[in-house]
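By letter and in written order, the chains are A, B and C; residue numbering begins at 1 in each of them.
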């Protein structure tokens, strides 16, 4: 805190001080919500980045002998505030930023960084996206200065529907989502992919509800029930997901829920027993994957306050960035970006590949179901619920690839 | 048929929960002329207190103690905060509660963390009460209905059958007169504020585990409670009751309707242009904003609400 | 005679104030050559216009609105679409004039929505504005075609052929000059409005609607006109927001933005024209600078706001106004020693409280980071939060501060009351 205070003071007095000498370490600005409604997501990811930088980079020699430091900037979940914090970070000499919670803030950052780099070619900034999954970020609106380490929502849907091809129990599907970009994209991808892969599956409902405004999901569950659906696909996250699952359990709905964020921080605790054997999630990692290379790391991680480890991609991002810098022997954003392109890396969840054409990381994905701890394949529970994730299907890096429409402007 | 009955039950349960929240707000408004913006904050406090108590001694003591604690907190806030703001007029009072809402959320985050807490439904109430056609109706929903109806009856009895109730009713309309008769009106204010917040606390105790206990739960219900109170008529308990049920059912049934906005306009003979963004909206999509549309409509055509006695 | 001199002095001082404000606005960014400070100043400038426009409703007409962001957001979205159109057309118009588009958008929004909202005053108005605010915010996500959904609408303010006086609007400083220029135009226009018959009528409608009606004014019309004009200026602010950030998201018209403008206007002081200016500057600093320093900023902000409501409901401007009156009456000098005497205990109390809050946050926030078992860094000091030492120290500082404050405060209070009595006696 003192360090940050002094940084602010220094900046208020004069920005002239910030130059080469302040860059004795490599610093990444972590711009995500650290207060307000989504603070738990930001806190947890910040912990993930700090731990990864410390254990996976600094204790193994750092970046060309320098330490990698992650500094949190609170964007309060707002796209506009993200831009203000980006300016603050640039002022303090940061040349690398990372963000993930929310595609709105991600778009704002990509946009601001594109413009900044065009207007200040000597002080370029590079952006690592760890969780914003809007497909357009690596398609129509792709940018040379943006790298995404999470599979986008279309890739995740591809993985889910690939599994559905093999599961003949699925006959009637209901799609429910939040009424905003992510919900729309999930609904669109689900209808198109199911129509292409499983013509016999009937889509019996496709509904959107305003995000974060529904208190009682019982009416939606009644509607799902009336439609006779055996499977629900939902892009919902946070309370919109937990409340849906709870309402389904209350009214005895026997459907399976294929979710994107069932394992995100806070969700397992909020869902609890209501999700037993009915909640599926598609993710890049969970505590019970086999082989689990990050097992010991995760156990140590979970002992420290700030939430459990639920993704591998934060570790992947941090180590890949450090490797790229070491390989290029440079911490210049453009050189680092070029080194990251086409990079292959052996990550916690298997071999991953940063595709050059759109800067989208290709990685293995896992479909898992929320099951009782101790049952076959469930060694560890999630968030002290007594339930953990059991792998149902593994999707290789190659199988999750989708073509891109990105036409990248390269500097 | 199954669908209609189930939806009606869902609507009534939700409506009754809304009424528990709005009754306290209405009581406070009609007494003091203050729209308490922090009311949903007390709902949240109720849930967190109950969570804390139930993690120590179980759910049932919490059901009783948590609302009382919330009431005490509310009374203290009235005595040492709101009463000071009262001298500066209604806007200052309103802004006081506005700021209080901020502070309550921040304190809850500080003490219980940013994530949701595990506040489970007690085992005795976890299960199916009856199965209608093929849909289960959980015991807990029945319990929620029981509590709300019980509260409604108790409140009605308190206000019309007891001496303090009569004084409160009198103080609602003629505070000066009541004061002149020797009653301590500021103390009645404090009691009513404490009582109103205790009702919100009770709603929190039973709403917290039915839904999710987390720091933004206050913000999630905050504005809808205002809608109920305004639609029902500011200061009218009966109006709040009718409006709660109405809004509960509207939200439930509008989810069920798969018709689009185009169909609705076609009913009244207006053809919307094909392919426009409005024509593609379905009623389901609009469901959670329908109460606001209802509120704006009510305020335009009948500003005193369904059963309100006065306009502001 | 003396009042006449005071009046002339007041006029001169008013001119000096405007000039001084402009000078500070010009000098500040030159003094701090930092991008962060420039962004901060830009945000302040936008918020100043927005808060002033809000005070046209709350302060001047007595309308408490919970949905003022609607007009700000409309101005922002329409301007962003206009910016993209200008970009496509190859820069036929300069970006500097974009706020006019925002103003028109805010004005039209005011004409349409204001007709509904201003039928009634008081609580009904407050509730309708809340309802309409929620409706518009919800529809922003339902109509991605116009509002751009979650990602919002973005644009590029640098349009090659549309440079104006050599300004390309690329560098942040140029945008800052644009914001300063528009802020001054808007502020002068809004100040002039308070001096017009409409402005006076609005005050009458606020203070005594029955009497205003009785002397022949249509109160509903006055409210309607004021809301339309206020929407116009909010639209200018929204437009500058679009130019400054080059992105507009649904957040621009949601209830948080409405709440923020209400808070800053009130904290600054609704009874004075310059109140909202102070409030906008102060709250922006709190949000961005203090928000960057400590996780507890929302707590400080909430406490500060409650303190203002309870202790100085007239806002900071009213505190300044009283000092000015004391100064004019020659009584300020005798208060200075009392202020100085009170400053120590106040600082002590605040320091103790900040220490307590920061330690509590370090211990509890984020599910107990540090959790007290190891030395935790609080306010630059390594503290062991599981030992009572630091807590007792902070508590002791707070208590000493409070005790001293009570002791000093009693004497300051009586001196204060005496000065005020004399001031009012003097006036009478």
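Quick note on the criterion: a contact is a pair of C-beta atoms (placed from the backbone, for glycine too) under 8 Å apart; a residue touches a chain by one contact, two chains touch by 3 or more.
Everything numeric in this text was worked out from a predicted model, so none of it was measured.
**Student:** Graph shape for the chains shown, where an edge means the two chains touch. Line, ring, star, complete, or other?
**Tutor:** Complete.
**Student:** Count the C-beta contact pairs for A-C and for A-B, then tell me which is higher.
**Tutor:** A-C
**Student:** Quick one: which chain's Cα centre is the longest way from chain B's?
**Tutor:** A
**Student:** So the centre of each chain is just the mean of its C-alpha atoms; given that, what is the distance between chain B and chain C in Å?
**Tutor:** That pair's centroid distance is 31 Å.
**Student:** Please compute the C-alpha centroid of chain A, do the same for chain B, then give the distance between them in whole Å.
**Tutor:** 36
**Student:** Taking each residue of chain A in turn, which ones touch at least two of the other chains?
**Tutor:** 39, 43, 179, 210, 213, 307
**Student:** Out of chain B, which residues touch more than one other chain, so two or more?
**Tutor:** In chain B, the residues touching two or more other chains are 109, 113-115, 285, 288-289.
**Student:** Indicate the residues of chain C shared as contacts by at least two other chains.
**Tutor:** 138, 142, 298, 366-368
**Student:** Can you list the chain B residues touching chain C in their complex?
**Tutor:** Listed in rising order, the residues are 35, 81, 84-85, 88-89, 91-92, 94-96, 98-100, 102-103, 106-107, 109-111, 113-115, 223, 226-227, 230, 234, 277-278, 281, 285-286, 288-289, 292-293, 295-296, 299-300, 303, 311-312.
**Student:** Write out the stretch or stretches of chain C touching chain A in their complex.
**Tutor:** 32-37, 39-40, 43, 138, 141-142, 144, 149-152, 154, 156, 158, 170-172, 241, 245-247, 249, 251-252, 288-289, 291-295, 297-298, 366-371, 377-381
**Student:** Quick one: in the complex, what on chain A touches chain B?
**Tutor:** Against chain B, the touching part of chain A is residues 37, 39-40, 43, 179, 205, 207-210, 212-216, 218-220, 222-223, 225-226, 239, 242-243, 246, 250-252, 265-266, 269-270, 272, 307, 384-385.
**Student:** For a test of understanding, state which residues of chain A touch chain C in their complex under the given definition.
**Tutor:** 1-2, 4-5, 8, 11-16, 34-36, 39, 43, 73-74, 76, 78-80, 83-85, 87-88, 90-92, 102-104, 106-108, 111-112, 115, 119, 134, 136, 179-182, 184, 210-211, 213, 305-307
**Student:** Sort out for me which residues of chain B touch chain A in the complex.
**Tutor:** Per the stated touch rule, the residues are 2-3, 6-7, 10-11, 13-14, 109, 113-116, 118, 120, 128, 131, 134-138, 140-141, 211-212, 214-216, 219-221, 224, 251-253, 255-256, 258, 282, 284-285, 287-289.
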